[in-house]
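Down below are the structures I want you to see.
One chain, chain A, appears in both complexes that follow, with chain B as partner in the first and chain C in the second.
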Partner chain A sequence: MRATGRLPGEEGLWSFIAADMMLFALLFGSFLSQRAAAPSQFAEAQALLVPTFAIINTIFLLTSSLFAALAVQAERGSRPGGTRLYLILTIGLGAAFLAAKLAEYYHEISAGVSPASNTFFMFYFVITGLHFTHVVVGMGILAFVGFRMRGEVPPERRQYLVESGASFWHMVDLLWLVILPIFYLLP
Partner chain B sequence: MFTGVSLFTTHTTWLGAGVIYALICSLTYLKCRFVIMIFMEIQEAPAGWRVFFELWMIGVTGMIVFLKFAA
Partner chain C sequence: MTRQNYFWIRASLLSLFVFFAISLFFWGILAYNIPPLDGSISAADLAQHFRDHAARLRIGYGVALPMYALMLPWSVAVFALMRRIEGGDGIISYIQLGGGILTVVVMSMGNAFWLTAAFRPETDPAIIQMLYDAGCLTVDLFFGVTTLQYCALALVLLQDRAPKKLAPKWFLWLGFWLSIEFMLEIIMPHFRSGPFSWSGLFNYWLPFFGPITWVTVMTIILYRSVHRFEEEDRAALAASSS
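Showing the complex of A and B:
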């Protein structure tokens, strides 16, 4: 990846990204402290989750992040056609993530699980639901960026737009990388 | 590769729980570091932002490790 010597995209967006990451860090900390207080109860609840769903979603999000990074590189290399294609691929994989997540929620709810079942599932539905919302917002941002690419936008402004959208998307991916182990993988 | 190893940890019985836990924590840290430094390009960012993201990664991974031992 070509070095830039600055934060990619709009600097104001990074303050938002930092605040969002702190919010999720607090949620992760609350969940982990509750887990430490009731390890067997949490282990029983965790056993009801299907890690395969989470692994598939991780592949979707990591690949979509790769495409978002490639969109930024395409824009910096003045290949706007490549930018739009990579943005479409990123949004497509985001949609695949949402579909898989909804399928997983359906599976869990059909098994009789809900946010009111116990503390584990309260945290699970709140944190993954909040993350789900971020994925939807991220897709909206990328779609807006792709739409703006079709109009007359100065090259420097185009680059900032693509970098900003991609930065938000990478944050969404980053949060999932922590959600995966704490809910699905940790013994 | 990281994801495959993560999946491996959920289907393994011959490794001790402690080893699996350590593997998961290290993989999580490395995956986060990859996304932050390479995709988000924080390695090229001003020092303050690099410190923030390093602290975030260490903090989150540290919480996972610490609370395991606090259990």
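Showing the complex of A and C:
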């Protein structure tokens, strides 16, 4: 079963994804405008972050997205079989991301940092916290997809489910690819 | 349903616009809520605001408060239309109805706190501030009932099996998003200033105007849908007569 010229998965989900990305765009824009107003304060705060955590989390999320894409390909027939395994691997790496993120939060809070510390950390905790919630929701969606694919499910339905779950997961990954540079990498 | 039933459904749907107009003027403009007071306002400044504008605030909040009841016929009319789509023993329509009723209660409670502050503005500024904060926290953090209401509405309309759907899927999924977006309010109690405070972009403007716009369009869609249900009833009556 090959992909045709259409939106993958549930069409309506794409308006959800678009709205979500616009919200994050607003958040990122607010952060960057505040950063432009107080660059040295933001640089000092940024120095308290540990980039190692960010690198590890990027590896986790990018790899999980790879497995999500492989799950879609499996359903579309290019790589027959293994959809459930790919979904499990995607969810597993999502869980690894969450564990690493919690470890990072613990490290920062132990160092005396909190959302009330300054504007940088206000945005940091809100945006990464919101992203954390999206990862949890994404894992839930993928788990639901895996559950719904048990038993006799028509191929079109299977493809629809997997594409829907993967679309949301890729959005979560894409958001991280913006979070990474603006919080950890921007000089 | 009879012609009279449909008349009251239409009238009840339109009651939302009456509510919006009254609320915009009395709560929004007279009571200084559009734009809102800054979340970082001190107790002394807030108390002075209530003292300086007491009469105007009492009129604004005093009229807005009972008018929240106008959201109730809207929820009931929506429930009646949802039952036509959901049918059978479905319960999702009831979730919308329950959410709608509780939303009226919550919004009214919040306004009651603000009206109380305006009732005796000569009170200790700390008390004025606590009443004001209580109103803001009530209105903002009880979002769960409204989230359930809008999600239920979008969910049932997604189940519409008619050849010509009442609303496009993308609009209904946008409704899901807007109702879930309220969850950003969870962080509001942690900030007294900035974009995440009660008066900020993410916890006032976005959750205020986004859902209002969606509900306005949804009301127009539902108003126009009444004609479809009337046609269905006529067709059913004609079929049973023949």
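The definition used in the following text is that the second predicted complex is superposed on the first by the 180 of 187 C-alpha atoms of A that agree within 3 Å, B and C clash if a C-alpha of one lies under 4 Å from a C-alpha of the other, contacts with A are read in each partner's own complex, and residues count from 1 in each chain.
Convention: contacts are C-beta pairs under 8 Å (C-beta built on N, C-alpha and C of every residue); 3 or more make two chains touch, one makes a residue touch a chain.
Just so it is clear, the model here is predicted, and its values are computed rather than measured.
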Touching partner for A:39 - first (chain B), second (chain C), both, neither: first
Between chain B and chain C, more extensive residue contact with chain A: B
First, second, both or neither for A:51, with chain B first and chain C second: first
Which of chain B and chain C A:62 touches, first, second, both or neither: first
Partner chain(s) touched by A:181 [first = chain B, second = chain C, both, neither]: first
Which superposed partner A:170 touches (first chain B, second chain C, both, neither): first
Partner chain in contact with A:115 - chain B first, chain C second, else both or neither: second
Set intersection of chain A contacts, chain C complex versus chain B complex: 14
Touching residues (chain side chain B, partner chain A) in the complex: 3, 6-7, 9-10, 17, 20-21, 24-25, 27-28, 31-32, 35-36, 38-42, 44-46, 49, 52, 56, 59-60, 63-64, 67-68, 70-71
Residues on chain A engaged by chain C in the complex (per definition of touch): 10-16, 19-20, 23, 26-27, 30, 115-116, 119, 122, 126, 129-130, 133
Residues of chain A touching chain B in the complex: 1, 3-8, 14, 18, 21-22, 25, 28-29, 32-33, 35-36, 39, 51-52, 55, 58-59, 62, 65-66, 68-69, 166-167, 170-171, 173-174, 177-178, 180-182, 184-187
Chain C residues touching chain A - in the complex, by the definition given at the top: 158, 169-174, 176-178, 181, 183-184, 187, 190-191, 194-196, 201-202, 206
